[in-house]
Every structure is written in structure tokens, then in C-alpha cells.
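Naming follows writing order (A, B, C and D), and every chain is counted from residue 1.
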């Protein structure tokens, strides 16, 4: 079996050891990128074994993105800059799970938070959660901190950064190192000054300094730590997926990409409840019948959004 | 075409006017119950026209449940009881969209909120949002307010209510009038005293009074109003679904139940952004290509949970 | 003794029945206005009996202002207009106790809240709590709701209201009926339309409608109710003040205005803790000695701000 | 002049150089301890020069305690333990400014927070802010984190720590190193294991580990940093106090301890508003007259609590 994170092991096996690859019982993949590559492989008809997409299980997603980033955004910025959040004007680009986590944390600390979005549904969610949805140019001159969380590229470019005020902090919570166009800052007119590990001052000819964290790489990975609780959720999901693929009777899984079965998703969650001293309620027979549910779950239809 | 809410018109047509029913171009249904009946009809092979499940579009669901209930839970309880929320101990049964809205509002008002859940994933969400997940019997003697939001039946029964303390407020935000076993309170030893419209005191032989709102019916419908904004979201979704089914070329929809296409869901959201003075960002060509997206949307895969 | 609210009884007695007034054992006053009149009387050397200013006791102030208004601002606006708070842009004029309560509640409901202030300390508090501090003219064209809470007069005048957008809601949570210059709206070019009790539409020649609540009077008194809990705090403070003045040995109180002794303030608080099932901790002898405190209180110096 | 922090310079001068001490124009003191020593000196009739208590100015207090601790409690715990806050049960001992800051931050991060208090007024505030007020023994077996913020001694003793569960984190945000009875943990049956700088595991014979931060010293000083903004507030207050004492005409200040004049307190606040892009409103002449205020402040009576 292959337990992969990013798809490199899968790629290596399928390219270099095609004979061995066919004998594999299954692949478990936990990253966005790896999952993307699996779907491409499947689409191209080159996936010869079943694969489990652990990345999009509810529990894993919420902990890796929403809950984890809600904490690491504050942690990463504190450790790298010691900035005070109260009263600061912050622009968060993107209101997906990561952006939602960042905004919630910053609001709790007394920041004034603005959001940019391309998706009207996420934009409306930002409105209803109390954040002003703006175009980046509307606030770029006023903000103290800019955080990217879009998964896209060049969300913040040189034009934007030229307009930022002195002392503005710039960092990326989203995806890879593409969101901020860091390359555009490597011009002869700007001076880079490394003030400490992971922190660069970029200095304009007029003396303006922009504080760039981790050279635009993921600040939550570069400047914060991942709580063991988050790792535990992911590892439990991976282990269950491996066991499921290994034990599955012939025919349950074809050579395709599958989401972790909801029952296992629920099982991973249930394994982590005792550490919160949380006590679930059990359905009575009568209630289960009324709801058309099995008392052991799964409890929701597949399209349920949590 | 049929624009239905609850499925009664659809039922009437299919049973009483089967000939006419076959000539219909499509059905648009907005309620949980009506959607449930449509899926049953489809499963039984008796759905002879395409139907659109508007109930489960993202925008409609969030506004009808999460955002609307976040406001109406406070409103309904204030209008009916004038209760002060600060410092009150409140048990919310169920942490779905409605429960999440209730908990968030009450936490904002300074209540101490407990949650019951049957689903470990929702239970874990409650934990991460700062609510203690308990069995009802753990807190029933201490709480000041109990709110049901499960969609189930007999979540609160006579045994529970017997243990509640004097003055406890009991109401239902969930589903129909089944969640509280009100029938069990209609026994000769208890005295009912209507103290005002929608508010009954139920009096135990020892003088204990429980305050039951709307006789266990939906308190947000009985004691609060529905903001025009919520109605606008729902009506827009319905209208778009009607137009889509009417205009769709032959073959796009078969005799089955469909979710509102994501692009229309996004369109409904976008129609309501101007009232918040919200400004969306547009993808550049380059960014759209990088993300593999059409600049006009849809912006998310179908399994995206928002 | 006189138990007064507004100072009218005190005024009547001192003016019309000076002989009787001198025989009184003491005055207890609970309102801002009444307290103001007492201090004036004292300054003028005309206060011939001791008086207790109950208005400024900690417990009374916090419940009458901060905690009570945090709830009544939502309640009053819902009952009068059914407005949805999520995503609305709201301007709160004044960030004293009342303004703080309003802002906290609206933030919890997902509103985007702006604040005006004259006092830099309160302004800085607003910043640190996450509210943008603006001049009224900066946001007047964009807001959906304007709430006054300054204690001042003509905070919102005709010029401001002329700039508001169609459908803007205008109300007063602060002081008397002076904060909004309602008189300036009674001109022939504007049409008043009473749409329901406490709600007027004021219509501009171009059709713009402004929604004025309670004709500028206190919206929390006009459109909401006062929870019994708040009344209980005030009544307990008054009763204790009466008892104290009646029982005080000669010489403890001179003919002056006194704040409720901190020990009684603490006693009122302690009387209301059991309803929250709250359990205080007692100092050990050793701890009391270390802190230089009496185990029974008072626990704070007089200048403590809570 | 003396600019002191803790009172040591003042003590040295008054004891060792009494002649020089008498020639001093004034003392400015910023710490609780130093202020305490000044009041004792004054009470004993040994304070021969005016002294300014900067510690209790509104702006300084709020920033040093409430706003600063709201951020540093999260920061210090993250940097030392990488703990995840979501869902954790936390006991905060003491609901003064520091405790209020800690509770607000932890609530925002999704912790379930309990409070202990000795003062009924602060206890009632905790209730109204949504925190369960308990005796330490009620929750000591269940909590994941315990934070002291009382200013007292031996708030957490060996008996309490013996009852804590494995992995519980124990730290002090309050006063000196007295709040946790660390001495009681230095017994032969317990093993101390330093796992990293500022973090000790204390191991019970049955294997239970308690995580003690900074050996019970102030965790916000030991494991977090102080934002430059907080330092700026304090330094500005000190500088203004020095200038005021130096420039004051003879007779304005006697040999006593004074609070920073409110006007200067307001001035310090006003100096820090521009960094938040905050715009104050100015009173009109008419409004100033109505309120009985000078347009330049001070804006509040001395007993105002903010």
C-alpha cells in the first residue's frame, strides 16, 4: 500500500515501477495536491488501484484548515513579529476554511477585519459574519496586516505592495508560495534586510518598510507549530483508510478515487471526543426509526455541509 | 409548473390529476418535508417530471437556518418571555445549522451554553466552538432555558421536564412540534395556565412552574418574524429554479430530483451582495487558468462544504 | 425618608415643605438626573439631609447600562422593525457603558459596527475592541442603522439625516429625547407616515424614507422591556441604601451626597449570584492578611474600575 | 527627579541619600509594588516630595493588563507548549483586568472557560460575560489548563495539583511568583523534568505529568513579549508625568501621591489614536455647554469606570 502526502511516492511507483504499482492494494493520500494528481491519473485512465482521498474528509478538513488556522494565524504572527492585534486593520484575502479561521481569530482579538472574495457565496458568508467585503485596492493604503488565504497566485502584486503604508506586515496562510508575488519585490530599487529568521524588511527608496514573513511561504508552517491534536486527527484518518482498503472485500473499491466513508469520518471524530470530556447522546430505537437512521451512523446524507 | 412548499400541491396533482401531472414542465420544492417526499416519489419510480430541490442550495440553507435562527432565537424568547440572556445556563439540543445559529447568538449575549448531539462530527464542532457537549441528564437540573433543534422527536420527555428547576423556559427551534413530548405534560396532576399568547405556565403539584413556549411548536415561526432578507433569498432561488426548468433544453433534466445548479446558487448570493455594499474581486485570466476555473463561476466543486 | 427617581419628590419637599424636609432621615436617588440635582443642591448649601447616590454603584450601573442595553438594543430594534442584523453597517454614537453594550451585541450578531467618540480614552477602547472610530460624516451615507448613546444633544442633525440612504433606521439608546434633532425633521418638505406604533417613516421629496423609532425617545424604554433581573438589582440597591441611612449612627453621614458603600454594592452583587449557580471562593486567613483585606470585603479600593 | 519601576530607586535615595532626596522635584512610579510603597511612605509621613502614580491611569492600566494580557496569554502558552485552545477546559482564577483579558481571548479561541472569584461584583461580571463561576475544587479534576490571575498567594496548592489530570498545564499570569505554591511541588516523591526552556514536567509516582510553565513566575513576561504599543503607552504616561511635576507651579502638588491628571490620561490616549486611523468627534460649543464640559476635556468625572 502507499501512504502518500503530495503524490510523489505514487508518481514514482507508477512511472518507475509500473509492475509493482499494479500489485499495490491501495493508495491513501492526504494533501490537496496529491488528491488533484490522483483525480488526473484517474481521468487519464492510468489509476490501476483504488485510492482514498483523506484530504476531503470532514474532520480532517476542518482541523487542518478552519480550527488549526484559527490558532496558527495568531501564533505565527506573534512569534515572528510580536505585533499587537487589538485595533489593527487587517485584510484577509479569501474566505474559505482558512480565511474563516483567520478572520474569526482576529475578530476575537479586536482587529478590524476586511475580506476579499471572488465567490459570491463565500462573500455573503463574510458579510453575515460581520466582515466588510472589499476589493483590495479599497483598503490597501490603510491596512496594518495583509494575510492571503486564497489558494490562488499573485493575489498580492507589486502594485498593491507599492501602495501599502510603512510597517505593514505581509504574509501567506494559503497555498504554496504563489499568493504573494514575491519575485516582483526582487528589484534593484528595493533593499531586503533580514531582521531575524523568517522576517525580512523590504525597504523602498523613500524609507518605507514592508515586513514580509517567511518570504511568502506558508506562515503557519514556517513560523508556528502544528498541535499534536491536528496531527492525531489526520493520522487516525489515514490509518483507518489504509485498514479499510486492505480489508475491503473484492469489488467494494474499483480503480478510482474515493472519499473516506462517512462512517469512518464519524469514527475519527468519535475517537477524539473523550479528550474533550464530551458525551454523545444515543438515539432511541424509536428516534432512529423516525429519522430513518442506523443508531451507529452514518448520521447525515453525503451532501451535508456541516 | 408547480412551486411547492411541503409537497402538498405535488401530492394532490400526482394523485388526483395524474394526466395533468404528466404535462407539467417541472416542480420546485423549498421545504425539507417536500424534498423528502420528492425523493421517495423518485425512489418509487413515480416521479414523471424533473424536480428542483431548492431547500438544499447553500444560500437558502444558510439563510433559512444558520443566519436566520441566530437572530430569531433571541427575538422569539425576548418577545415571549422578556428573559435576560446574560449568565443564563442554556441547553441547546442539536448542533446542526439551527443549533449552531442558536449557540452563537446565546454565547454572544453572555449565556453559558451546553450542547447535546448524536453525531460525533457535529459534537466535535461544538467542542471546537467552545460548547460543552453533554447528555441531557447531566445538566437538566441546572439549566434556565432548553431549546430543541434536532429534527427528531421526543428529544425532551416528561422525565426530563420533571427534573427541570422552577422557572425553566422550554422551547423548540427545530422541526414541527415533535421535539418536545408536549402530550406527556397533559396529565391531571399538572395545571396549565396560559399567561399570555404563546406562553403557558405548566404547574407541578409542588408549585414548580415550567414556561412552555408556543406549546412546543416552532418558536421562530410562532413568536418571531422572518426578516424580508431571508424571504428574498428563498424567493430568488425559487424563481431561478422555475426559470431554469422552464427554459432548459430537452434532455438536460430527466424525471429526477436535482439540486439547484451551483452557478444559480452563486447568482442568488451575488444578487444580495449590493445591499451589503460588498465588492467582489474578479479573477484575472491568468488566475482563472491557474485555478482551472471559469471567471464567471462556478467557483467550487460540488462537494465543497462552505 | 425619600426614595426618589428623577429628583421630583426631593424638589417638592424641599420647596413646598421645608419644615418637613428637615426632619427627613435621608434621601435615596437612583437616576442620573436626580443625582445631578442632588449635587447641585449640595453645592448650593441647600441639602440639609444625607443623600445616597445609588445611580453610580457598580452593580446598578453595569446592569442598567452595559448588560441591559446589550440585550435591549437588539430586542427594541427587532420588535419595532424586524430588521436582520447580520451584515448590516451600524453606527453607534458614543462608547460609554450603553454604547459598549450596543456594540458588543451587534458585533455578536454579525453587524459591521462603527463608533463615534469625543473622549480619546473611550475612543481607544473602541479601537481595541475592534471598532473603527470615525466622524459621523465619514460613514453617514453608507450605514443601515444609526444608534445614539452619548447623553448629549443634537448628535444627529438634519444635515446628517439628509445624507442617509433610503431605508436607514434611526434610533436613540442614550438620554432623554435630545440626541436626535427630531425637531429639524418637522418641516413642510418632509412627510411623516406612522407605519405602526413607535415607528415613523419620514419621506423626502425624492421618495427616500428614513425609519425613525419612538420619535427619538429612548428606544430601550419605548420598544423593549426591562428584565426583572435588572429591576431586582436596582431595587435591592435602593432598599439597602434606605436601611443604611435609617440605621446609621449619628455622624456617619452628614448633609451630603454619598455613593453606596462598596460593601453594600458587593452585597447586592452577592445576593444575585445564586440565581446563576455561581460559587464564590473565600479567602483563607493567610491570603486575607497577604492582601490586607477583610475576608468579608470590601475587596477593592474605591478607585477600582471593574 | 526619579523615574521608578518597583520603588527601589526611591527607597535607595530616601534611605541612603536623605539630603539629596529632599531636593528632588518629584517621583514618577509605574508599578503596583512601587505605588504601594509610595502610599506606605506617605502614610508614615516620610514622603517629602510629590509623587505621581502612573500605574493607575486608565490608559496604562487597560493596556498593561486587559489588552496586553488578552494577547499574551495565548502567545505565552503557544510558544511554551504548542497547545491547541479549541475545546480545552480552562480555569482562570481571578476576574480582574488580567483575568478578563485571559477569559475573553480563550473564549474567542473556542475554549470552555471557568472562573474563580472572591469578589461578588467581579463574580457577577464573569456570569454576565458567560463564564461559569466555580470553586476550584468543582472543576480541578477536569480542566486542561489552569491560569492564575488573582494577585494573591497560594491560590493553587499541592492539594489542588494532586487532583489535576495527566497533562494539565499550570501557569501564572497574575502577580510575582506567589500564586502557585510551587514550593509544595519540590518533594522527594515528585520528579521534575525540564523539557525545554520555561517548561517543566512534574511527574507523580503513578506517571501523571503536570506541565508547569516558568516555574510559576509570570508567564506573560517569561514566555511572551511585550508589544511596543504597550510600552509606548506606558512611556508616554511616564514622560508626561515627569514634565507635569517638573513644570508645575509651586503649590500645585504637595508631598503626596497623585494619580495622573485625567487630562493627561486622555492626552496619552489621543496620542495613540492616529496609529489606528481613528478620528475623534469634537463637541460643538452648544454641546459642551449642555454637558458642562470643556471642549478640550477632561470628559469624565473622576469616579468614571470606563
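The criterion applied here is as follows: contacts are C-beta pairs under 8 Å (C-beta built on N, C-alpha and C of every residue); 3 or more make two chains touch, one makes a residue touch a chain.
Computed from a predicted structure; not experimentally measured.
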| item | value |
| --- | --- |
| For chain B and chain D, chains touching each | A, C |
| Homomeric contact chain A-chain B: same or different residue positions, threshold half | same |
| Pair joined by more contacting C-beta pairs (C-D or B-C) | C-D |
| Centroid distance [mean C-alpha coordinates] between chain C and chain A, Å | 45 |
| Centroid distance [mean C-alpha coordinates] between chain D and chain C, Å | 28 |
| Mean-CA-position distance for chain C and chain B (Å) | 37 |
| Multi-chain contact sites of chain C, meaning residues that touch two or more partners | 67, 86-87, 107, 109-110, 124, 127-128, 132, 276-277 |
| Contacting residues of chain C [partner chain D, same complex] | 56, 58-59, 61-62, 67, 116-128, 132-136, 138, 151-155, 178, 259, 265-267, 269-270, 272-273, 276-284, 286-287, 290-291, 297, 299-300, 303, 305-306 |
| Chain C residues touching chain A - in the complex, by the definition given at the top | 86-87, 107, 109-113, 124, 127-132 |
| Residues of chain C defined as touching chain B within the complex | 67-68, 70-71, 74-75, 78-79, 82-89, 104-105, 107-110, 142, 224-225, 227-230, 276-277 |
